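These are the structures in question, set out in turn.
Note that chain A is present in both complexes that follow, paired respectively with chain B and with chain C.
So, the complex of A and B:
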């Protein structure tokens, strides 16, 4: 029974991470590859607080994790979210690697590559922990659902589909992107904090780029811009390792097979359902109306690449 | 102290040349397809593993490994473009989806490598090329010098390919103005496949030169991808030579920076340089050079059109 509770709790944590990522990626069109690193920021923040002040309990750790992540995301967002086009993806990947490098190299704070272990039991009751996690997931999902239908959600869609047009119509595209990035990172940190408190052991390897890709796969498979899609993706891909246990696969290969499956999903879903199983209704309407949804790749200017061959 | 910095500078130039080598391949693919090839690190890894398999496990020598690694990488590069990127481009899927499919391909290929070769680091037998030569106060590792010379050679080869061959001229036409290139008879599909193969071979050569010294591991794909992309991004404005130079500069920053703040930050140093440059260019557009020339099509260009 404990095992089932543990699996459901982990799935709920994945759900929080996926719903959060869907806000920036699915709704705002920001190709965020830093989700795993911000899970790490949250996990380390909550773990360090739990070590320093175990009596503070459950909520302060999560709140501080979210606040630290939001602050860091604000600094990063102000600096990088003006970067246009594919350069932002490289910047995002770079940030993911740099943040993990920080986890590895700040040995005095983070425990280095071995991480932090034997974290104090903040919430001994597993069932209560599950209920709180599911409650947080429900709250995050409701917030995300409302956000998608709010004026900010419409602004984000406009930025996603054509940021120049959104800017021309008076929208503050940079600050809106920074705001949604902060929300995404803060919620990722909450998920990371929950994960750290649950496992009582965290190390940098848990927050590598593979986890970011897994989260992207969750929202791609489930459906971009739709809360239900993100939840479905988290359930399908987060539960994959458990499903694989019923197949005759050696335990050592479970993670590798999981990676092959979600990698294949990332390759195949764009052929079959380019916006996932359950994309937002805006996407469906746009297709019915024949709206062009192709995003032109930003050029560096006139004749930018002719000189590239000299 | 000065000698230490001098040695770091020399090592940086040589290591950076390899970053520039892979960056040239990455950049050339990007200029032709406008796709950030997120599976490029996986092609690098496959080239390295196949070369290792042939050269060390089957004991057929490094030259045979080089040929086998190049062929495997070229095939993989062509397969990814022909069966993933080109069909998706023809379907007109969102640009992010193209990138996501590359991420997926990367995950699958690296996982297959782990299943075949395991996750542990594999070393080449010592060839003597790793032992440093003393030139006064400067230490030079012959293998790194070979890497520098190969990078310069590949730069020359790519320039020759692009300026003196028919496929190179077609490539330049496609990059300059895809629509006009199609009108004058250039086949985007064929050019893309040739470029996919050529850039994959460049990745394989970089992989072999690098892994002879440091060993083959399935976890190197991301670092390679990101440093190559960094060199391509930093150098793209002035072409292949500039990408090579950007790679060398990154190598110097990494090695000199390692002395200042510690070797464990080596990868991060290159990435922080990238982040600082990109941020500065965004905040201070005057730092971005403006160019003249190019028609309307060049200004509005997206990916080269592919016939249905």
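So, the complex of A and C:
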């Protein structure tokens, strides 16, 4: 039973990370490869505070983790988010690697490659811990869902679709991109902070680029720009290794089979549903804006004769 | 035309202020060089309030570059741009829509994954709840403002006979529909001056006529227009003032009647006619 609770908690933490990533990546179109590193920033920040002041509980740790991550994301963002397209992907990947190197080499603070262990217990039992994580996941998801449907969500999708047209429509694209990156990183740090308190042991290896790519895969499979998609993606790809335990596969091969299935999912889902399992369909649904018509009326605008000829 | 006082181009003297009342946009000695190519050389002209001004010239004359210089998409090497008396030469691109200057693009550039209605709503300025805190603290007000905004956008679209396509994805619309959505998006910012980059290109005969009548109505409603256009016949009919460019320089300006008789313009266009379309 304890094990099941642990698995669900970890899935919820993945869910927070994926939902957060979906804001900058799915909505804003920023190819963020630093998600795992920011989980790490949050994990270290929360763990260090828990060690220094165990009596404070977990809230200050999570808040400080979010604040530290947002500040770091701001510094990184104003330096790199002026770069567009492929160049930013390279910069983002480099940052992911540099941050993990910092965790490894800043031995006095982070404990180096062995990390921080024997972190204090901040919650009396696993069930409370699960409830806390699920509550935070619910809050983050609600926020992300609303943001998607808010004017800022629309602006982010506009920046994703056409940067210079958004700029000419009066949107400060650079600062908006920096801001959404900060939100994504701050929420990733909360997920990381929760992970640190849960395992009571953190080390740089947990925050490598493979976790970043796993989270990118989660939202691509689930559906970019859709909160439900991110949640489903986290559940499917995060839960896959656990599901494999129930199959009669020799222990030595579990990892291989896992990678084959995970790679197949990444290839097949975009093939079968190019926009993910839950595509971003906001706006097509006229009811949400209260402008639904009884029946779609064919346009009699200047385009109609062209269409008739096709 | 005299250059503005050297060293301090943002000083607006009394003559400028007078000119600003009649002209909404003043371009002074605008120049830009791309590597070895002098794309625009010391071009000056004004756009009158409530009038249609056209910028014409053969391919490569520098017309779209002038648009890009005005809207800050390309930084000018030299020159001053005054919009309603304000020096906007160094204003970033996102600062124009809020000041009352909008533009369309030759290649339309809609937000392709969004509906036509959402495209138009992007054009609105100073939108309530366009921040990261509103989903947390002002959600109800944000939703109310959104529904009101959607209603206003739909109203605007119906004026352009786009009501029927409001909820379709922009990428799925026909070419003429996309052009109209792009104009509606620019108009949502309630511009005082609209820059139109080839509004007629790709339209068939009846669609051209309809677009021209839309543009005339738009000017009557008080919005000045500056357009780049290759359809010379249409330009001659609807423009109040024409600026002709050739190889980065202004070679003539004046009312259509004077331009059609202008010797240098005829030479450039007849010469150009042989190797480009008529």
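Everything below uses one rule, namely that the second predicted complex is superposed on the first by the 271 of 310 C-alpha atoms of A that agree within 3 Å, B and C clash if a C-alpha of one lies under 4 Å from a C-alpha of the other, contacts with A are read in each partner's own complex, and residues count from 1 in each chain.
Operating definition for what follows: a residue touches a chain if its C-beta (ideal position, glycine included) is under 8 Å from a C-beta of that chain, and two chains touch if they have at least 3 such contacts.
This is a predicted model, so every value here is computed, not measured.
By the touch criterion defined above, A:47 lies against neither chain B nor chain C after alignment on the C-alpha atoms of chain A. In the superposition on chain A, contact of A:90 is made with chain B only, not with chain C. Look at A:82: by the touch rule set out above, it reaches chain B but stays clear of chain C. Contacts of A:271 after superposition: chain B is touched, whereas chain C is not reached. By the touch criterion stated above, A:178 is placed in contact with neither chain B nor chain C.
Applying the stated contact rule after C-alpha superposition, one finds that A:162 touches chain C and leaves chain B untouched. Of the two partner chains placed by the overlay, neither chain B nor chain C lies in contact with A:116. Considering which of chain B and chain C touches more of chain A, the answer is B.
In the three-chain superposition model, chain A touches both chain B and chain C at residues 296-297, 299-303, 305-307.
Taken together, the chain A residues at the contact with chain B in this complex read 25, 29, 31, 79-80, 82-84, 86-87, 89-91, 93-95, 97-98, 101-102, 104-105, 209-210, 213, 216-217, 220, 253, 256-257, 259-260, 262-268, 270-271, 274-275, 293-297, 299-310. By the touch criterion stated above, chain C contacts chain A in their complex at residues 71, 73, 92-98, 102-103, 105, 109-115, 117-119, 121-123, 125, 127-132, 134-136, 139, 142, 145-147, 149-151, 154, 160-167, 169, 173-177, 180, 185-186, 189, 203-204, 206-207, 210-211.
Residues 143, 146-147, 149-152, 154-155, 157-158, 160-162, 164-173, 179-180, 183, 280, 283-284, 286, 289-291, 296-303, 305-307 of chain A touch chain C in their complex. Taken in their complex, chain B has these residues touching chain A: 27, 30-31, 34, 36, 38, 84, 87-88, 91-101, 103-108, 110-112, 114-115, 159, 162-163, 171-172, 175-176, 222-223, 225-226, 229-230, 233, 236-241, 262, 264-265, 267-268, 271-272, 274-275, 278-279, 282-283, 290-295, 298-303.
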